[in-house]
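Two complexes, one shared chain (subunit A), two partners (subunit B, subunit C).
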Partner chain A sequence: MNAAEHSQLRWNTRHLIPNRNVRIALKIAMITYLYFGIVSVDVNWIRVYQGAGRAMQFVVAFLSPDFVSQYELIIDGILESLAMTVVATLAGVAVGLPIAFGAARNISPKPIYFVCRAFVVVSRTFTEIIIAIVFVVIVGFGPFAGVLTLTIAGAGFIAKLLGEDIESINPEQLEAIRATGASWWATLVYAVWPQVKPRFLGLSLYRMDINFRNSSVLGIVGAGGIGGTLDIAFARYEYSVGAAILLLIVALVLTAEYISGKIRQRVQ
Partner chain B sequence: MLSVKGLTKRYPNTEISAIEDITLDFPDGQVIAIIGPSGAGKSTLIRCINRLVEPTSGEIWLNETNVCNLKSESLRKLRCRIGMIFQEYALVDRLTVMENVLSGKLGSVSLWKSVRRKFPQPVVKSAFEILDRVGLLDQVDKRADELSGGQRQRVGIARALLQQPELLLVDEPTASLDPKTARQIMRLIVGLSKEYNLTAIINIHDVVLAREFTQRIIGLRDGSVVYDASPAGLGTETLGAIYGEEDWSHSTYESDNNDSDSAAASIDEKLGALK
Partner chain C sequence: MAVITDSTGEKLWQLRTRTESLKKWLVWFSVLVVAAVAWRYVSANTQWIFVVDSPRQAADLFGRMVPPRISYIGRLWGPLWDTINIATLGTLVALVIAVPLAFLAARNTTPHPLFRTVALFIIAFSRSVNSLIWALMLVMIIGPGLLAGIIAIGIRAIGFISKLLYEAIEEVNREALEAITATGARRSQVIFFGVVPQILPALAGIAVFRWDVNIRESTVVGLVGAGGIGLYLNHAINRMAWPDAAAILIVIFLMVLSSEWVSSKARHAII
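For the complex of A and B:
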């Protein structure tokens, strides 16, 4: 083939959808849907205008947060949130770790794998709020419902992410330990655990962050923690108290993030 | 004595067998090289012997043990008797040199002891002896991923030897190493096998190393044995039969037949000296 023939060759990138007409039709359909979607959102502009006024009150409240008048309620709420966080993280990690091993295809027998995967899928399908509503129905209002919620959600979180990590460990190292005649448990301890330990600690700390943030929301459905206090403050239009609580939550989340970041750095 | 009879392995969803009807005897204390191109079935063959790969059909006997019939507990006992050395060393990176070596004894130490790293003193003693023998006594507490390739392979060798195996399965021990280190590692494996009177089956790409260090060479091609004799008979024609047609004159004795060392081996040596 000479240079003149090369200039005749055409090259185009491969498309996800090979048929050009189908591609164009899909694009038109998407744009049409988007247009009608935007038009169909019914905005009540008068309500937005009123709300804007309240939003201003709220912004002003942030300039004068009131930590003092509901001092005891706030402290109780924060302490409850922290306690829920610590208990639920420990419990969630303890439940999630064995399930993570079970949910890793490369080390666990088929029946156990399916049971553990099923737990992961179910616990990850529902957000914390929905699980919390269910637990409030079962065990009643209060932090216990919140702890149960965060334990289940945390276990699902650890089981899914650590399980995937276990599935991608180096298979040769696993094989080498197996080849020495080590038992399944010894293989776990010597070939699997060393490879996923730093990730496990990282995920547990990360989960601690998430649990604290969630514990400040769960109160709204009556599952304990600072969220309940916040809900009451807003219900009473005590925006300065609400602002104080929100500022405290921000401060605590930032502190927790800073500390867990430091620890993760040292582990890796 | 290790005997393989009519061994066939076909992986699921593949058209042809990785190894087909292989029958071989490996007498005690013999050091054997298995050569052959990539995909010939070398790894499959040795992995069937310790059942990391399940054979499709055929028999494997290690002395009086029928390898293919073993289930969980007795399979583990069998694996304790067989040491394995890998191309990519297969050390657990985040464990120390000593922990990696001691993991060779996991099959016979209780879980509780191994979790707490409390291995019986005789095991620790022999781990130190073996580490001394492979020249790593000063690296005991280093993490495995801090070592060089040659040092890592020495840890791999020590781990396999701590098992006090009857049989060594060695899968391309030198393929990831530079020529000089490759030669040292090969010498170490063969020397130690002789010293402990082990049967050793060594998969190896490098024909020159194979013929220099072993008395028996098995050539595999497309899953079948096409050569099984001493290195002396390995000429251009047989290499062609194993690897396919090429100019083999530099890998054989024929180009240099009054010298005991092959031409390519001496080139290898000179390359090694450069390192």
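For the complex of A and C:
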């Protein structure tokens, strides 16, 4: 190798996208999008500037959260969130389980499969907030609307993930049980269920976690829980009460995550 | 089933020992008790008169929503573009902060355990608060509009991206790092030439995945005034213009489905 050749050799790390032309095209597309995207964001800078003072109030509020003055409202909101979580998790799991069996291609007849998949797609496409708005219109303000929302969303969650697990179970056990002449119900109980049971328990606990997290916002649209209390606190400019509620939510979410993680480790 | 006996009724085999069955029974019993208490609480705070009336309300709502006002969709292109911008720019804002944060939080790249603790705290805090709550606060601070939505989506995504990314960083192949260290590379060079190429596919996958979630979440930040299609949904519901609301729901449905399709295609291309 002569010196001229050597100086041309330069080592580079591996590129994420190997094709150079695709890389350049993507870069151009990104820059074009960024230009038009950022230009279309209409920002009222004067309002942003005026908000700086309020941002300071928020910082102060978070440094001195007020747990005491609205103590009863906060406790009530948190208990309501917890109650909604428990009821909605159990109901969602109960509704989601049969749909999961229906949404598994390997054990479910075609028409049922499509109906169950449709439920999964619709329930997962809309965020909980949108489902909650509809339920608030139908059953009125309060935790029951929240429970219905989380039940539907939880059922979609269990049906999708457990359905995928059922599709990837060991087919030999299924075949073996079928070969004994077992009915559809018996194959379900002896071939499918034992294989997905630990996963089912894990998913249910995980869903409980998610339900608690979401129960803290449903209140903003009137579907019960601590979110309503939070919304009211901010609307009354009681930032330090709002900060206290937020810190409590964070603490509870993290605790719930820790506990559900520990239990999941044990059952799986 | 759980006990097998011979013809005289003598026990031959039992699935669980007595303590095991007792434990199982206790777990189920406590679940039932907790559920009953929780249900009482929900029930006590519910106006059952409205719930009894709900089938009629649901039918009424459905009747008002159908047929959706399809012509209204023509006016939704602007808010749709805004919603996509909230999600995309929010993801970018999050990436700018989340990537360095992940390096601070990963055990093998953090400069000091103290940085790691602070980074983990920021990640946990960002993840635990829903983007709608962030939006609620930001609208109060910087006023209603897209910017509040972008920042809210961004803040919520920081924790998500950082968490998955720092877990990926902690799982990089150590031998490659050792090889680069052995050439006499500085710490920054080890990270740039050893860690970064290994986590880049994971980062791209995480970013695309979060973008998809962000599209979904940015459809509702408008409910608290943070721009996008949620703002129009809120107006339609407040005006009780149900055919308009139905049209918006259809648009949201299609947008979320297509973003899910794009994100799964992109992730398959990367992995």
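To be clear about the criterion, the second predicted complex is superposed on the first by the 238 of 268 C-alpha atoms of A that agree within 3 Å, B and C clash if a C-alpha of one lies under 4 Å from a C-alpha of the other, contacts with A are read in each partner's own complex, and residues count from 1 in each chain.
Heads up, the rule we're going with is that a residue touches a chain if its C-beta (ideal position, glycine included) is under 8 Å from a C-beta of that chain, and two chains touch if they have at least 3 such contacts.
Since we're looking at a predicted model, the values are computed, not measured.
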Which superposed partner A:V189 touches (first subunit B, second subunit C, both, neither): first
Subunit B versus subunit C as contact partner of A:L79, first or second or both or neither: second
Partner chain(s) touched by A:V134 [first = subunit B, second = subunit C, both, neither]: second
Contact breadth on subunit A, by residue count: subunit C or subunit B: C
Partner chain in contact with A:A153 - subunit B first, subunit C second, else both or neither: neither
Contacts of A:I249 with subunit B and subunit C, given as first, second, both or neither: second
Which of subunit B and subunit C A:A104 touches, first, second, both or neither: neither
Partner chain(s) touched by A:L162 [first = subunit B, second = subunit C, both, neither]: neither
First (subunit B), second (subunit C), both or neither touched by A:G181: first
First, second, both or neither for A:V241, with subunit B first and subunit C second: neither
Those residues of subunit A which subunit B touches in one complex and subunit C touches in the other: none
Interfacial residue positions of subunit C with respect to subunit A in the complex: 31, 34-35, 37-39, 41-43, 45-47, 50-51, 54, 57-58, 61, 81-82, 85, 88-89, 92, 124-125, 128-130, 132-133, 136-137, 140-143, 145-147, 150, 192-193, 196-197, 200-201, 204, 216-217, 219-220, 223-224, 233, 237, 249, 252-253, 256-257, 260, 270
Residues of subunit B defined as touching subunit A within the complex: 50, 52, 76-84, 86, 88, 90-95, 99, 103-108, 111, 114-115, 156, 159, 163
Subunit A residues within the subunit B interface of the complex: 170, 172-173, 175-183, 185-187, 189-191, 194-195, 197
Footprint of subunit C on subunit A - complex, ascending: 13-14, 16, 33-34, 37-38, 40-44, 47-48, 50-51, 54-55, 58, 79-80, 82-87, 90, 121-122, 125-127, 129-130, 133-134, 137-144, 147, 213-214, 216-217, 220-221, 224, 227, 230-231, 234, 242, 246, 249-250, 253-254
